[in-house]
Amino acid sequence: MVKIKPSLSVKLGPLTLKNPVVTASGTFGYGEEYSKYFDLSLLGGITTKGLSLKPMQGNPPPRLCETPSGMLNAIGLQNVGVDDFIKRKLPFLAGFDTKVIANIFGNTVEEYEAVTARLDRAKGVHAIEVNISCPNVKKGGMAFGTDLEATYDVIRAVRNATSLPVIAKLSPNVTDIVPFADRAAHAGADALSLINTLLGMAIDIKNRKPRIANITGGLSGPAIRPVAVRIVWQVYRAVGLPIIGMGGIMNAEDAIEFMLAGATAVAAGTASFVNPLAPVEIIAGIERYMIENGIDHAHHLIGQVQA
Amino acid sequence: MVKIKPSLSVKLGPLTLKNPVVTASGTFGYGEEYSKYFDLSLLGGITTKGLSLKPMQGNPPPRLCETPSGMLNAIGLQNVGVDDFIKRKLPFLAGFDTKVIANIFGNTVEEYEAVTARLDRAKGVHAIEVNISCPNVKKGGMAFGTDLEATYDVIRAVRNATSLPVIAKLSPNVTDIVPFADRAAHAGADALSLINTLLGMAIDIKNRKPRIANITGGLSGPAIRPVAVRIVWQVYRAVGLPIIGMGGIMNAEDAIEFMLAGATAVAAGTASFVNPLAPVEIIAGIERYMIENGIDHAHHLIGQVQA
Amino acid sequence: MIARIRKNEELLEGYFIVDIEAEGIGLRKAGRPAVPGQFYMLKAGPSTDPLLRRPLSLHRKLSDDSVRFLYRRAGRGTALLSRLIPGDEIDVLGPLGNGFPMPAGIKHALIVGGGIGIAPLMALADYISDERKDISAAAFIGGRSREYVLGADEFSRKGIETFTATEDGSLGKKGFITHILDEYIHEHKHKGTGGWAIYSCGPHPMLISVAAMAKKYGIKNYTSMESNMACGIGACMGCVIGVLDREHGSSVYKKVCDDGPVFDADDIVW
Amino acid sequence: MIARIRKNEELLEGYFIVDIEAEGIGLRKAGRPAVPGQFYMLKAGPSTDPLLRRPLSLHRKLSDDSVRFLYRRAGRGTALLSRLIPGDEIDVLGPLGNGFPMPAGIKHALIVGGGIGIAPLMALADYISDERKDISAAAFIGGRSREYVLGADEFSRKGIETFTATEDGSLGKKGFITHILDEYIHEHKHKGTGGWAIYSCGPHPMLISVAAMAKKYGIKNYTSMESNMACGIGACMGCVIGVLDREHGSSVYKKVCDDGPVFDADDIVW
C-alpha cells in the first residue's frame, strides 16, 4: 500500500477548514493564552469565548469544580463584549492562518442580531456560532435552546443579519434533540455544534454548600462523551447539516469516534485545560489513523460507523 | 458532645426503611449473588432486576462497555419473568429482614398492570418500582417516561392495581423532569426513583462498530453523578414526593451528597459491580458522618444543602 | 479482598506475570482450592477511570494464600496493573466462575492454547501433572512468533508432550496450531479417542476452528470464553453469550462469569 | 512538559516535598528564572479521574532544570502525586502566574506564612537571601502545632529573624502568628515602616487578618491567593476572585492564575 499524505480538509457547509479540529468556545480564551504553546495556524479553526453585546462580569466564584472524569463550570459567560473583541482581540486572531468562529449569545433575539451585525462587518471573522445552550445564565442561553420556536427565531435573526456561515450550538438538555436540529436547519443554519454542557450540580458535604456559587453548572469532559457521541449520531442520521462534534474529546481516538458517528469537524474543549497541546496532537493523530487505515480524505470518516 | 447512635431509619412515604440505602435495579440481580458477600438483612432495601410479564431474553452481546468514570449497558431487561420470580426468587429474598422493592416494566399499560397485580398478591414484596425510563428497549421503557400522559397512565394503572407503595422511576433524558415528577405524583406515586441511566453510545474506532450491539445504551456510574444530583435537587424543591436518589453513588460521601440535595433514600448501582460491599460500606459511612456532625436522625440530612 | 503484590515482572514486551498474596486467595468459599479455569476480578487503584474490575484467569496457584496471573498489557486497566510494584495493594475478587470440567472417564487431555490463552491452561497442566496421574496430556501452543509461544518449556518440563506452531515459523511448525492438532488427532485416532477431551483458550478464530475439529472427530471440547464484564459474579447480566439450551433446543444467553467462563464448545453459538 | 521525579519524601504525616527535573523547568519562556510566587500545574498519570491538573507553588528552584514543591496531601490529586517514586514521569506546566512583586524601594520584607502557605514563601526567602542583599527580612510562621510549623529552621539558617506561633503552644508563642506580627510592627514602627512590605500566604482567615493589619499600619501587603483552577493559564475564566478595579472604583473579577496568584491585599474583595 502506498502511503500518501491524506487530505484533512473538511467542508462545514460553506466553511472550509484545513483540518477538522477546532477549539471549543470558552475553553480557549481568545487564543492568546494558547499561542504561547503552539502556532495557532495549525488549527482548523478557533472558536472564541462567547461574545455578548455588552461586556459581562460573569458569575461569582467559585466557578468550577472537578467531577469524576469531568468538571462543572458556571463562568456565566464573562467576556469583553463584542466591540472590545473586535477592537482588541480580533486583530491578534486575524494574524493566523486559521478560521475564526465567533461564538455569540444574547438575552433577547435582538441582542443576538445586534452582536451578529457587528461581527458581520468586522474583518477576520469567518463564521458565527450561536450559543442557545448555555446552562449558566438566567435569561437567554438554554432557555432558547430548549424551546423549538425560540430556537428558530434566534437562528433566523442571526441568519438574516449576516452572510457569514451560521453554526447553531444546541443544548443536549432536551428530550429529543432532532427537532431542534431540524428547526435550526429550517431557520437557515449552515452547521450544528453538538454538544454544549450537561446541566449538573455538586455539593461539598463538609460545608453542605454547592461546590460552585451558581449552584448548578455545565458538565464537560470525558464523562459526557457517550452522551455527546449518541447525540451526534442521532442528528447525523436525521438531519442534513454538517456537525461540529464535541464533548469530552481528549485525544485523536475520541475525535475519530465523533467523526465516525457523523461529525464533520470536532472541537477540543476541556482537553485544552488538561493538555494545552491537545488540539494539535489530535490533528496529528487523525492524520496517523487515516494513513494507517488507508483513508485519503477526512470526509471519508464521517458517519462511517457500522451501525 | 455526647455521641449517641443516630437513627438511620427513613420513611419513603408509606414505606419505612431501616436505613436509607437500597440497591439499584438491575445491578444486584435478585440478591443471591451478593448474599455471598454480606448479610442482605443489613440493607435498607433490595430492588430487583426489572420484571416483565413474560421472561425476556434481552439484547444480544456485547451488552456493556466501560466509558470514562462510567459504563454503558444495554442488557435489554433480560429477566426470568414475574411468575418465575415469585416462585423461585422471592422466597429467597423473603428470608431477609429487609424491604423488597420489585422493579417492573412492560410494553403496554396493561402489561404494567398485570405484573403489578401478580406482585400485589405475592408474599414478601414491599413496594413496586415502576421503570418508565429504560433506554434499552424498543417499546415501552423510555417511551413512557418521556411522555407526560403516558407517565400518568402507567403510574395510575399500577396505583390502581396494588395497595403496595408505588415508586415511579423517571427518565433523566428529558428537557425538564419536574412536570414528569408532578404527573407521577398526581397519578398516585408514593415516591420517585431518580435517576435512570443517560442515553449514550461508544464506538470502537478499530472495527468502526458500536461498542455494544444495541448501538446505544444506558450510561451509569460516577460520570453521571452531577446530572443526577442536579435532578434530585430540582425535583426535591418542586415536588412533594420522597426521592430515592441514584446515579454514580460509589461511597458514603456521594450518598450524603444526594441526601443533602433532597433524597430520602439512596441506591447503589454500578458501585456494587466495582465493590460488592459498597452498599454496606455506604450505610456505615452515613452513620459515621451523622455521628461526626451530631445529626441524630437521617431525616435531618434531607435537602439540607445551603443553596 | 485486598491483596499484596509480591512480584510483577515483564516476561516479554507487554506480557507480565504478577504474584499476589492474601489470606485464602487460592481458596474458594468452601475452603477447597481454586480450580483451573476460574478467574479473578482485579482493580488496581481507587480511581473511577478505569472504573471496572478486570478479569484475569488463575495462571498458577502458588499456595492457599498466593496466586499468579499471566497477563498481556491490553489497555488502560492492565497498564495500571503493570505499574504496580512489590508491596503495593490490589483489590481482588475471586476465585470466580466454573473452571474446566473434568468429568469421570477422561483419560487424555489435549490442551490447546494461543498467545495469552495459555494463562488458564497452565493452571490446568499444573493440576493434571500434580494431582491427576490418571490423566495423560498433550499440549498444542501457538503464537505469532517464537517469543509469543508462552509456557511451552514449562509444559515440556512437566512431561507433557508439547507441540508448537508460529505464524512466522520461528518456533515449531509454521502456521496455525490447529493444523498440528488436526494431524495429532488424525494420527492417534485409530487407537480410539474415547476418554479424550480438548481444553482450549485463545483467540476467537482459533477457538472456532478447534471447536469445529472437535466436532469432526467427536471429541469433547471445553473452551474458556471472554466477554466484557462489569460485576463478574452473575448480577449484571452484561457478559452473556449465546449458548444452546439442550432442554429446549433453542439458544439462550448465558453468563460467561457465572455459567462459564468454560463452556462445552458444542453448545456455543459461535 | 514531561518531568522526572528525583525525590518524593514525606516530611511529616501528609506533608511532602518532591523534586522534579526537566530541561528548563526552572525557567520562564524568556529564559529568565522562575520567580518566587509563581506556580506550576501538575498532572500525575493519564487517568481522567482526577481529570484536571493541580497547582503547586514553586517552593525552591534547585537549578534551571530542577525545582522543588512542598505539598500537603489534600485529596486525590495530591495523593496520587505522593505515590510517585524517583524515575516516574510527571506532566508539568509552568512556571505560571505573576510571582511576588518587589517594587523598587522595598527595604524590609515581612514574610508571613501559615501551614502549607510556607511553600511559595521559601522561594521568596531564597531569592532575598541569595540575590537581594539590599533587602532585610523577618519571618512569621504559624501552624497548628510544632510539627506543622514548616520551614522555620530553614529561615533561621538563612539569617532571617524568624518568629513562630502554634495554636497549642508546642512551639513559639501560643496563639496566632498574626499577634506576633502585630507586636513586631508595633515595636518597630517608630523607626518608620517606609519600604516595608508584607508577603503572606496561608489559610484564608490568616490572610484576612494580615491584610487588615497591613492596612492599619499602612504597610503594603502582597498575598498569594488560591482558587480552583482548570487551565492555569488564563483561558477558562474559572479561577477568578473579586478585585478592586482602581480605575473605575468598582470590583471586577480577576484571574488568580494569570493576574495572580499574588495580589495587592488592599485590592482584594475578601
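We just call them A, B, C and D in the order they show up, numbering each chain from 1.
By definition in this document, a contact is a pair of C-beta atoms (placed from the backbone, for glycine too) under 8 Å apart; a residue touches a chain by one contact, two chains touch by 3 or more.
Predicted model only: the values in this text are computed from it and were never measured.
Distance between Cα centroids is largest for the pairing of chain B with D.
Averaged C-alpha coordinates give centres for chain C and chain D that are 55 Å from one another.
Each chain gets one centre point, the mean of its Cα atoms, and the points for chain B and chain C are 36 Å apart. Each chain gets one centre point, the mean of its Cα atoms, and the points for chain A and chain C are 47 Å apart. Among all residues of chain B, those that touch two or more other chains are 68-70, 221-223. Looking at chain C, one finds that residues 48-50 touch two or more other chains. If you sketch which chains touch which, every chain touches every other chain without exception. Interface residues of chain A, counted against chain C in their complex, comprise 68-69, 222. For chain C in complex with chain A, the touching residues are 48-49. Taken in their complex, chain B has these residues touching chain A: 67-70, 72, 146, 173-176, 198-203, 205, 207-210, 215-216, 219, 221-227, 229-230, 233, 248, 253, 256-257, 260-261, 289, 304-307. The residues of chain C lying in touch with chain D in their complex are 46-50, 76, 85. Interface residues of chain C, counted against chain B in their complex, comprise 29, 43, 48-53, 91, 93, 227-242, 252-253, 258.
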